[in-house]
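Paired with subunit B in one complex and with subunit C in the other, subunit A is shared by the two complexes that follow.
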Partner chain A sequence: MGLEYVRISPGFEKYMPRDYVDLVKYGPFGKQVDVMQMGQFKELVEEHPMCAGCYMAYFIRVFYAALPNPEDTIVLGTAGCARLALSQAAVPFIYGNYGDTNAVASGLKRALSIRFPDKVKDVVVIAGDGGLIDIGFGMTMHSWFRREKFTTIMVDNEVYGNTGGQESGMSPKGIQLKMAPLGKKFDKINAVELAKTAGCVYVARISPTNPKRIAKTIRRAILAARHFGPTFIHAYTSCNIEYSIPTREVLADARKREKQDFKFYEWMTDEVKEFFEELERKEKQEVKK
Partner chain B sequence: MYFVADVKENECAKYNCKQCVLFCPEPNCLNFKSSTNSAWVWYDRCKGCEICVYVCSDLLKRHCIEMVMVTPKATAKS
Partner chain C sequence: MPEQRVVEPEYLILEAPRERKFITGSQAFAEAVKRANVDVAIAYPITPQSETMHLVGDLYAQGYVKDYYRAEEEYGAMSAIAGAVRGGARAFTATSGPGLLRGLEAIVSWPGHRIPAVLGIMTRVVNAPLSIQPDNVEIAYLLHSGLVVLHAENQQDVFDFTLAGFVISEKVDVYLPVVVATEGFFVTHAKGYVDLPPEDMKLPPRDPYKAPVPPTDCEIPPARIQRDAPVQKSNFMSYLIHAVWQQEVWSANRRAAKWIKHYLGGLIEVVNPDAEVFIVASGCAAAQGREAQRYATMEGLNVGLVKIKSLRPFPTNELREVLKNAKAVIVPEHNIVGWLAKEVKAAIPNSGIVVDGPRVYGGMTLPVELIMDEIYKAFGIKKEKKTVV
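After this line comes the complex of A and B, so read on.
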């Protein structure tokens, strides 16, 4: 971890793969990139096997461009679609068993703060609705009850996409899916309110329609987790295969859902609010100088 | 044969928007070249989802991206 691990040993430049050399030369390591510059630098995430037009892949792309310090970050994932892209990035990735991501992250964050007391190390969990709210529900909740200082991001595609389309706790009521032909009988779980009740200090719900806002939310969640406690982002990332959305309409669907039930929502405790106000004041002063 | 997006660079250079680059789900697939002030597609990485076409044609009405069929030989050049 740290910048040393991305540098190429002298003399080996011409033997390294082109993607790696590009990453060291034009990547975001050691400098602060803006998410609006995507497409003009070598991104941390590489080619991945996710479906064409998958907006979970898009969310992950923006996530890696928004990391405040990628060289000191560890990402955790679990079974589900998200791990297909998460494991293709130049950031250390840990694959938990299904549902235990938040338990692994708790231990990891504590170990890192003992091993590197003078450094900031970020731990971020990205898992789907199945990994966090269905199968991993207990471990997710208990990591929040214990106020572990890391970020949890739920990429909610409202279905078990990998295994053929079973309903999940996050599927909307009444939805008919390939492996749930009778329609779902129960309401969608209100994950945002659960997170607030369980003790998260920063909670957000977002639809991927505005890269700048996604990046700001992710940065805020990670910065708040460093100092105060658990943070949670609920992101809508549609499954265009299981919900039969034509790939060209994926962004239109995200915009439609944003107007319906995924309106941008951000909640934080008073101390976190003060912290961000202070931080933004300092940033403005620096820009003026 | 692959179905990929292709940017009409002369048309694209008239605007300064980069919106297609910001909404593509593939990393470094649609890129921005400041020397020509236009976006360009790395054909090998494009999965043909047409989200960029939606952004450019349906949302912004600029019609600078079209979908084309390319042969593997043509992609190897890029």
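After this line comes the complex of A and C, so read on.
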């Protein structure tokens, strides 16, 4: 919401739901919250129906705390696990047909740019490996080729979790899943290299072991998309159900995968690099003042 | 481009002076878009549609349309139209046959998302073996999804239906996509006379806040546009939410009727309302039906024509009234399944008077003689057939 629309008209506080009043008073609207302070402010997503121990749910919680401009952000999702939490957040959410996110986001972002040329309106897609790299592959790639100015975040659980555990293009080779009864016969798709080749200006791969780093990566991806072009984050968000990871082991698993094939990786164009250097220099000066 | 001034839809569509031009159906689509104050147009090539979106691309280059691009394919194009309209823009796209079916999942979700937009359809064979000719079976796929579906007979209809389509689709009590279908090639690539209002006038811009469903633009409350999709609720809630939503979409579809009457003079056009035998047709078949009606009158036969302009909402009451004393109803069509004949049979109490056909398919032309044969049969006239060897 534009900030003025979030605020409650004077005199109406006592009639608004408690939940909403708290959100306006103690939520992240109009300020940059510190992800390390989670638990001390009202979060944009609180209740969700995701499985106990779901690392995707954790990632999404951090995502909402990291938004640079939550009052002017629109999130798009698609069928899959992520939308179960995304649709419960206090940020406008668009849920269309399966795999259509990057086409819908293209139209949406262009419409907002026409209507609000002087305002910041961040558009962010968060969808799974199935939605972005299998069924929505063409639309994902073409939104990058066209250099559409929005962020795409792939929450990669390496499986169709929501439909009962089928192989996806992002499942590792050899793994036995439904619809891969003899084991997956081809490699995990290299989404990060595809994104670079297709024209993303900022690309990152992350295993969510460090909340501060997740938040910084998300913030950078959104800011770079605002000014320069498409950005992409490939996040490992394990499915503890289909991959039988005991709930208390999900963080250990994320650390293990970080060492194996999800080592933190960040790539950006020179232009974007200069932009962040300048931005971070200014922020340091602000702190000194 | 000339400086365009905004005028009221009533003036532009119903009152403004018109000048006669001799143009193709594709040009007629573009002339409507030129005056419709369109924000976003999204194109994807397919014969016979392509020329329309080329011309709309030229409008973008000239500044009439604010944004335009060639999409990755029709599913992407139709999804992006949904995104643009949800962002508050006025949007236009067009497609044909196989492209329509490729984009269909996205298109049939527009009514449920309450997406007011205009979709041009230039009919083309959809099934194998491959052909690009104007069979119109694809229209059958559009009749059960909540879309408003108008079927244009000629280039003039294409212009009028498209321009009015933007206005009708954005009415608060409608707020549904409007399809303007016409036969490929027969209309899109042939020229006809079209009376056009001045090109220095355009519709008012879309006001996305005058709406039963708010745009997703972070400018208006509530802070939470969407909570849970029905799929996340119990089965009972899921049925209920979807059921009432569909009821509302179809009620909105019916409410479009009064605006179609207001801007386009009715859901149907009737020639010779006191006829004994009627031809009921839509699109190009109505043009051939018009000729057959003229021939029959010249031969002293009391034949009438009902041209159906609006397939959804369907003119059930109007048909019942006009056909109440009819002896026979001939339904010529450009497809093998006879979707219009089925609609007409379902609409009137005495469906036995409906003649199934004549039908041509695969994109053939529809000779007036085929309709005349059915007229003679209806009057019990035996004609000798000359066979030329």
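Throughout what follows, the second predicted complex is superposed on the first by the 286 of 289 C-alpha atoms of A that agree within 3 Å, B and C clash if a C-alpha of one lies under 4 Å from a C-alpha of the other, contacts with A are read in each partner's own complex, and residues count from 1 in each chain.
Assume a residue touches a chain if its C-beta (ideal position, glycine included) is under 8 Å from a C-beta of that chain, and two chains touch if they have at least 3 such contacts.
Just so you know, these numbers come straight off a predicted model, no measurement behind them.
When subunit B and subunit C are set side by side, the one touching more residues of subunit A is C. When both complexes are overlaid on chain A, the residue A:G39 reaches subunit B alone and has no touch with subunit C. In the superposed pair of complexes, A:F93 makes contact with subunit C only, with no contact to subunit B.
After overlaying the two complexes on the shared chain, residue contacts for A:E266 are found with neither subunit B nor subunit C. In the superposed model, A:D72 lies in contact with subunit C only, and not with subunit B.
In the superposition on chain A, A:A57 makes contact with subunit B only, while subunit C stays out of contact range. With the contact threshold set out at the top, not one residue of subunit A is in contact with subunit B in one structure and with subunit C in the other. By the touch criterion stated above, subunit B contacts subunit A in their complex at residues 18, 21-28, 30-32, 34, 39, 45, 47-51, 53-55, 58-59.
Remark: subunit A residues 1-2, 5-6, 20, 23, 49, 71-74, 83-84, 87-90, 92-97, 100, 103-116, 121, 138-139, 141-142, 146 touch subunit C in the complex. Considering their complex, residues 35-36, 38-40, 42-48, 50-55, 57-58, 61, 64, 211, 247-252 of subunit A touch subunit B. Across the complex, subunit A is touched by residues 39-40, 42, 66-67, 69, 71-73, 75-77, 79-89, 91, 105-106, 109, 113, 216-221, 223-229, 232 of subunit C.
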